[in-house]
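Which chain is which? They are A, B and C, in the order written, and residues in each are numbered from 1.
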């Protein structure tokens, strides 16, 4: 694995290796000395063409815990507004001898272009591109689900996948890179995924997607799924007539207090996930967000572990020789 | 006096024949060895080559005036000559827009001065391509450029009233409106064909219905006002069905398809390489097959390249920032051979139809697209169907390096192009332009 | 073995010899157990930390023996695993590997006498990494090193306190330790645990003596390769 661009390119074995590695990284995060020397002397550039303090801090923490040097390069608007091109930015980074470039970009495909262009030879990690992919978010969601399963079954999570788990992803699938990345990854790991959204917020041709699509949240929740993941709703979607009003959206597709109570009443195992930041009262009620079922903070913590795992796996072995020596 | 004997060529793929070209005109055609050849005639051995009437491209972007960094009339017509074209129609989306007699005469004169092919400017339907008021269509028609085709190509004339008026207005001089069929509201921010691939990639979709809805409206408008309508770069299976239906009702509509829509699909967008970004977008394989059948059955009348050169800056960037369009003049005939001839769908006589006779006929050109027989203007191309064209954009005559075929080896190759009896391409290479 | 050049050549180009059998390994571990107790003057404060992956089963076996010899030693509370993946100095040169858990006794290692346990001592780089890993998880009073095999060719100033067998090798040879806990592939009776030397052979493949499946494990990718 040279780059991490999309979860659709991850095999079952790749995904389990990343999650197993992330588990060990999580163990490090709970000890007194939280730093590992693995990436000492390596340089990780956070190249953010789009504001996302949370994701940038998560990657920065991950790289620093692995002893890498971190350069934050905020290029918001520069390329899109016809300033410096992605190519020039990339070549600038190479001049700084970056070993890995973590890129967040509003244009779908920009990380893949960076990886394929020949402009740089650093490892490229997609930290979210347009509406396309957000692989580390999906990996941290998978890690969270694996830990949920581990707690429920009492079996250690190492080596585990998500076979048989039922995960419901609710909201603006059309514009969501989180939903796309999760569909590929969670199904690769054996989970059953159901997307729930108003029909206007589902892409027109999802027939080939390895998941079910429903417009009826209550019907899907009545199956007592293992997890329900609420996607963040951009309020401006309403202006483009994707739905008539926030109130109608919440009634139809929000994780409301009533829906939480119904899950409680039937003793469903369902945990509540959200990639953050949450719109309380819109896609998720405070009852759900603050419920013991919520994994929102665990997801944040797992984000650092997963990103440590990805940086470690991408940057180790990059000078592999055919004759490794040991001891 | 110039005189060429083109020996043993197969006119439009038929039986071998010798063609005598004297002072810009085909003066004799006969069985090999049967012609009386003047002593000073230069003999060109065309054994194994197919002779086609010079190709006519209804849809070219020459970028001049305004974007001479992307293409000029000079470089664009050199590319056309290398591709076997002897006439090109230069679309109006230059800067300034070709919406006045002054601009179209400038482009026409630049074409004449260059001497590689005929250049026929296309006039804008609306001022500045803005879709709000008609440009001075009649002035352009009466200029030295004698514009007959009007188009806002790149943008759709989406206002139905304005479209109706334009269709009616050009009847006065047997003009034709060429529509870029794209419903603007349905394609806001569109980046690629809307379908399975756009769903995977998270790129905003350009749905087929946005093209089909405009075509359906416009064929009904054309029928209502009794005008001629040309559909540019038709790209979907549904559009084919609408045009077929309209033709069956007697509507005077003609349809064009680009080489790239006959060969490439939206699966290529998975690379996120902006060289595949084009408008209308690459569609699905089902669309490609439907377009090929539509050419074979005659629903689609012509192949137009939509040659759209861009600078590296406009293509070497993020997909959503990249310009739409791909080059096509120097690869068009190869792609037609690959997708239509080598697949057995059509023969070379039909290639001559869709790339020469028919576009010349639609546009009323009397000195282009003529059959290869005595008396015709000697516009012709010698094509080696057994040849191969490795596509290296760096070697193209066009300034544009944005060929979606780069790295491929396409079938066939242009051996010679005669423009008004003068060999502008010889041995597959540019020779000299026609001096006037 | 996970050595690519072997996968590319025919198996006949290496021979595999069993150097230690199950019984030999048993005896070596017993001797090391006695030595540890002797040098520590009893079981007090002892912690055995096996270096992942094969050091850990060896540490557990040693701990069980210590408990047999001196019931004052509580094996379960004094044994752990140390993963050194993230501390290696050759991360860039070897393919990425999944780290193993570091498992410490509940009472920790601060102020204890830690015996690091590994299967083969070669360049010393693994032990260098282990010492770094160790200081990140606690502050032992004393650190000692026990290895099943010392094959020489040290590249760092490191030596073992307790050695099961000193094994003179050429640098072209590979030493592999196969344990029933970590290497499940079937082997001949008496070779459930074994130490194998793979030596490159230029001419005569008949000198190869097979330790059960071990001879063919140059294609298995599972066995612990200790070059």
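We adopt the following convention: contacts are C-beta pairs under 8 Å (C-beta built on N, C-alpha and C of every residue); 3 or more make two chains touch, one makes a residue touch a chain.
Chain labels with UniProt names: A = Aspartate carbamoyltransferase; B = Dihydroorotase; C = Bifunctional protein PyrR.
Predicted model, so just to flag it, every value in this text is computed and none were measured.
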{"item": "Chain whose averaged C-alpha position falls nearest the assembly-wide average", "value": "A"}
{"item": "Chain whose mean Cα position lies farthest from chain A", "value": "B"}
{"item": "Centroid distance [mean C-alpha coordinates] between chain C and chain B, Å", "value": "73"}
{"item": "Inter-chain centre distance, chain A versus chain C - centres from mean C-alpha coordinates, in Å", "value": "38"}
{"item": "Centre-of-Cα separation between chain B and chain A, whole angstrom", "value": "46"}
{"item": "Where chain C touches two or more other chains, by residue", "value": "none"}
{"item": "Junction residues of chain A, two or more chains touched", "value": "none"}
{"item": "Per-residue multi-chain contacts in chain B, two or more chains", "value": "none"}
{"item": "Of all residues in chain C, those that touch chain A in their complex", "value": "2-5, 83, 85-87, 90-102, 118, 120-126, 132, 136-137, 225-227"}
{"item": "Chain A to chain B touching residues, read off their complex", "value": "8, 79-80, 82, 85-87, 105-110, 112-113, 116, 130-133, 175, 177, 180, 203-209"}
{"item": "Residue ranges of chain A in contact with chain C within the complex", "value": "1, 17, 20-21, 23-25, 27-28, 31, 33, 35-38, 66, 158, 312-327"}
{"item": "Chain A contact footprint on chain B (complex, rising order)", "value": "191, 194-196, 198-205, 207, 271-273, 313, 316-321"}
